[in-house]
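The structures considered in this document are given below.
Next come two complexes built around chain A: one with chain B, the other with chain C.
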Partner chain A sequence: MWLQEISPYTWAAIGTALAIGLSVTGAAWGIFLTGTSLLGAAIKVPRIRAKNLISIIFCEAVAIYGIIMAIIFQGKYSYVENPTAAPLAIFAGFALFWGGVTVGFANLACGVTVGITGSGCALADAQNRTLFVKILVIEIFGSALGLFGVIIGIVMTTSAKFN
Partner chain B sequence: MSNPDINPMDGAAASFFGFAGVASALVFACLGASYGTARSGIGVSSMGVMRPDLVMRNIIPVVMAGVIGIYGLIIAVIIATNLTSPNDYTYYKGFAHLGAGLSVGLSGLAAGYAIGVVGDAGVRAVAQQPKLFVGMILIMIFAEALGLYGLIVALILGTKK
Partner chain C sequence: MQSNIALFNINDGFAEAIVRGFRKGILGRSEYANLEQCEVLDDIKIHLNSTDYADFLANEPSPLHTVTIAEKCTEKLVSEFTYIRANSAEPLTTFLDYITYGYMIDNIVLLITGTLHERDMKELQEKCHPLGYFDAMTILCACKTINELYDYVLVATPLANYFKASRMSEEDLDEMNIEIIRNTLYKAYLEDFYQYCLSLGGDTAEIMGRILSFEADRRSINITVNSFGTELQKSDRETMFPNFGLLYPEGIQKLAKAEDTEQVAAIVKAYEPYSNLYFDNNDDGERSLVDSFFVKEVKLNELSFEQQMHYGVFYSYIRLREQEIRNIVWIAECVSQKLHDKIKQYIPIFDDRRFS
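Moving on, here comes the complex of A and B:
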């Protein structure tokens, strides 16, 4: 089938790239969503600046998940001659590709969610100090989604070896 | 452990579909859960300004959206732990796992979307009329059941030998 005729290293490399690229996209998206709301609200209510940086840090954590997974994936590469005839190499290529897709898209969704919720948190905190911790609980639920992606990425690729 | 009748090259080719199942289970369920969390979160942030005392009760839509993500995680783990080597994997298992992943994933996406929209409208309504709380919970339970149907089918497909 044409899927196996493409070199497993292609699949693995694209998976690794998607893991880091999409995670960073999610983190960036979340940072700008939260950052704009935080900066706008802080014009009238400067006290919210320091506490609401934690929302930005939650978004950055999503990018950290992505880079950790990409480093783990690239550590699995090793040279095999004639990889399209080696079942273990083909298996590892597919595992790394879909692992990268999983981690990347889960972190993309997580980053956007944390950004939207962080934006709401900053705006609510500006109006009523007591709301900060309550809305932060929602952000924590959101950031769990990125962790799910990391867990599944690890479970998928633990048994992926090129030789 | 490895069955001598199974050709490892077939196992390796079929693993594309198995891993696609794992990815779709987690990614689509996470997309649904993230929409539900974000949309309900916006609603809670808005209504919290008017009624701060009701905020902790109104985090229930967010929890229910998170449960949709857990459904996807469960199926992804079940499939991934059966996908350890190309020597005991078949096209039968590969396509069954793909079906399982797509069923929980797409159901979770739909259920999460519904929970998000209902949660947003619900928490804003509860802020103005607290008697609506039970009604909102009932509607969201029906939406959650949709994700559960996907989980049931995925469990049946994902554990086929």
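Moving on, here comes the complex of A and C:
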């Protein structure tokens, strides 16, 4: 089958790219979602600037998850002579690909979630300072989504070895 | 793009955050309590200095007049609106322009009346509402007749389409009653604005649809009630009702045939949202239909701030600030005429949503 004729290294590399690429997309998306609201709201209510950087930091954490996973994945590459015929290598290629997809999409969703919630948090904090911590709890639940992706990504790829 | 909450902030997040910052400055219960205690207009100036209005009356000579306060409040609103509009992107810019068309209609009606009565154009320009300025106003001074006004000025405004939609030509401007012109133009404007909001989709369509439907119904009811005792024909009356809203189409048809206020009350109260409007005609000034409408308008506009990431907040902010200006003017008038028992008859804004 054509799926088996593609080199496992291709699969692994695409997986690594997706892990870091989609994670950074999610983080960037979240940062601009929160950042625009924070900029506008801080004009009238400057006291919200420092506290609401926490929302930005949560989004940044998503990108860091992506980097960590990409580094773990690329640490598993090693030389195999005939990769399309080596069962271990084939398994490693597929595991790294789908691990990367898992981590990437989980972090993308997490970044968007934390971004939208962070935007609401900045605007609510500007009106009523007691709301900040309450909405932060929602953001914490949102950022747990990225962690789930990372955990499953690690579980999927622990046994992935090229030889 | 603007109807998707994940993408709204790209273009409009900053503008929305600014408007919500302005909303925080709307006067609340404690500020109104301070204003009610004032004995002279200068006290009002001092109390307003500690609100978001800051030093807006700083350069005015005392003694102050209510008219000056009203003008300066409106100036502040206009500068806020200009700031928001400068920081907006499409389609928000078009939406904000639509808000200004209402004021443009009032300005144009003022100009038409002035031209017909041969007033000085410069004087009229100063009486125009600043939110309704349009570029062609600069050519105004050169226009002496209605025909020139129509050919050079009116067709260059964004409202030219409304003249076409209502099939009004230059001859009509001369002959028709000025109020009929105003209401016909406003009907075309409301319908256009409503269609635009629906085309934006999402939360904007839902929230603005609700607010504009109420506007349409309010105008229909007002036109009906105000036409009793005048020589306005019933067929003319019906052409001025907007073609949307809760009262469309059955309520509109019944309103067109109504003969007096009791019939109007019976027609309108059949609709649940309008069941508590106040129709009785006592002139003691305690309550009136106009006030019931203002109260309802304030409630609807407060609600639009409950949701994030839609354009309704921009429209609602302008309306609520206008109500606040009306409140301040009412209090100022009561203070200057020493009518302290009437001073509480303003409409509080965000009364049950105040936070520290």
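Details
Here is the rule we use: the second predicted complex is superposed on the first by the 163 of 163 C-alpha atoms of A that agree within 3 Å, B and C clash if a C-alpha of one lies under 4 Å from a C-alpha of the other, contacts with A are read in each partner's own complex, and residues count from 1 in each chain.
The rule is simple: contacts are C-beta pairs under 8 Å (C-beta built on N, C-alpha and C of every residue); 3 or more make two chains touch, one makes a residue touch a chain.
As the structure is a computational prediction, the values presented were derived from the model and not from experiment.
In the superposition on chain A, contact of A:G120 is made with both chain B and chain C. By the document's definition of touching, of the two partners only chain C reaches A:W29; chain B does not. In the superposition on chain A, no contact is made by A:I57 with either chain B or chain C. For chain A, the partner that touches more of its residues is B, with chain B and chain C as the two candidates. Once the two complexes are overlaid on the shared chain, A:M1 sits against chain B while remaining clear of chain C.
Applying the stated contact rule after C-alpha superposition, one finds that A:S37 touches chain C and leaves chain B untouched.
Legend: residue contacts after superposition of the two complexes on their common chain; A:V45 is shown touching chain C, with no touch to chain B. By the touch criterion defined above, A:I152 reaches chain B but does not reach chain C. Residue contacts after overlaying the shared chain place A:I71 against neither chain B nor chain C.
Shared-chain residue A:C110: touches chain B; no touch with chain C.
Common to the chain B-facing and chain C-facing surfaces of chain A are residues 112, 116, 120, 123, 127-128, 130.
Taken together, the chain A residues at the contact with chain C in this complex read 29, 32-33, 36-41, 43-45, 112, 115-116, 119-120, 122-123, 126-128, 130. For chain A in complex with chain B, the touching residues are 1, 3-4, 87-88, 90-91, 94-95, 97-99, 101-102, 105-106, 109-110, 112-113, 116-117, 120-121, 123-124, 127-128, 130-131, 134-135, 137-139, 141-142, 144-145, 148-149, 151-152, 155-156, 159. Only residues 5-6, 9-10, 13-18, 20-22, 24-25, 308, 355-356 of chain C touch chain A when the two sit together in their complex. The touching residues of chain B, when paired with chain A in their complex, are 8-9, 11-13, 15-16, 19-20, 22-23, 26-27, 30-31, 33-35, 37-38, 40-42, 44-46, 48-49, 52, 55-56, 59, 62-63, 65-66, 69, 72-73, 76-77, 80-81, 83-87.
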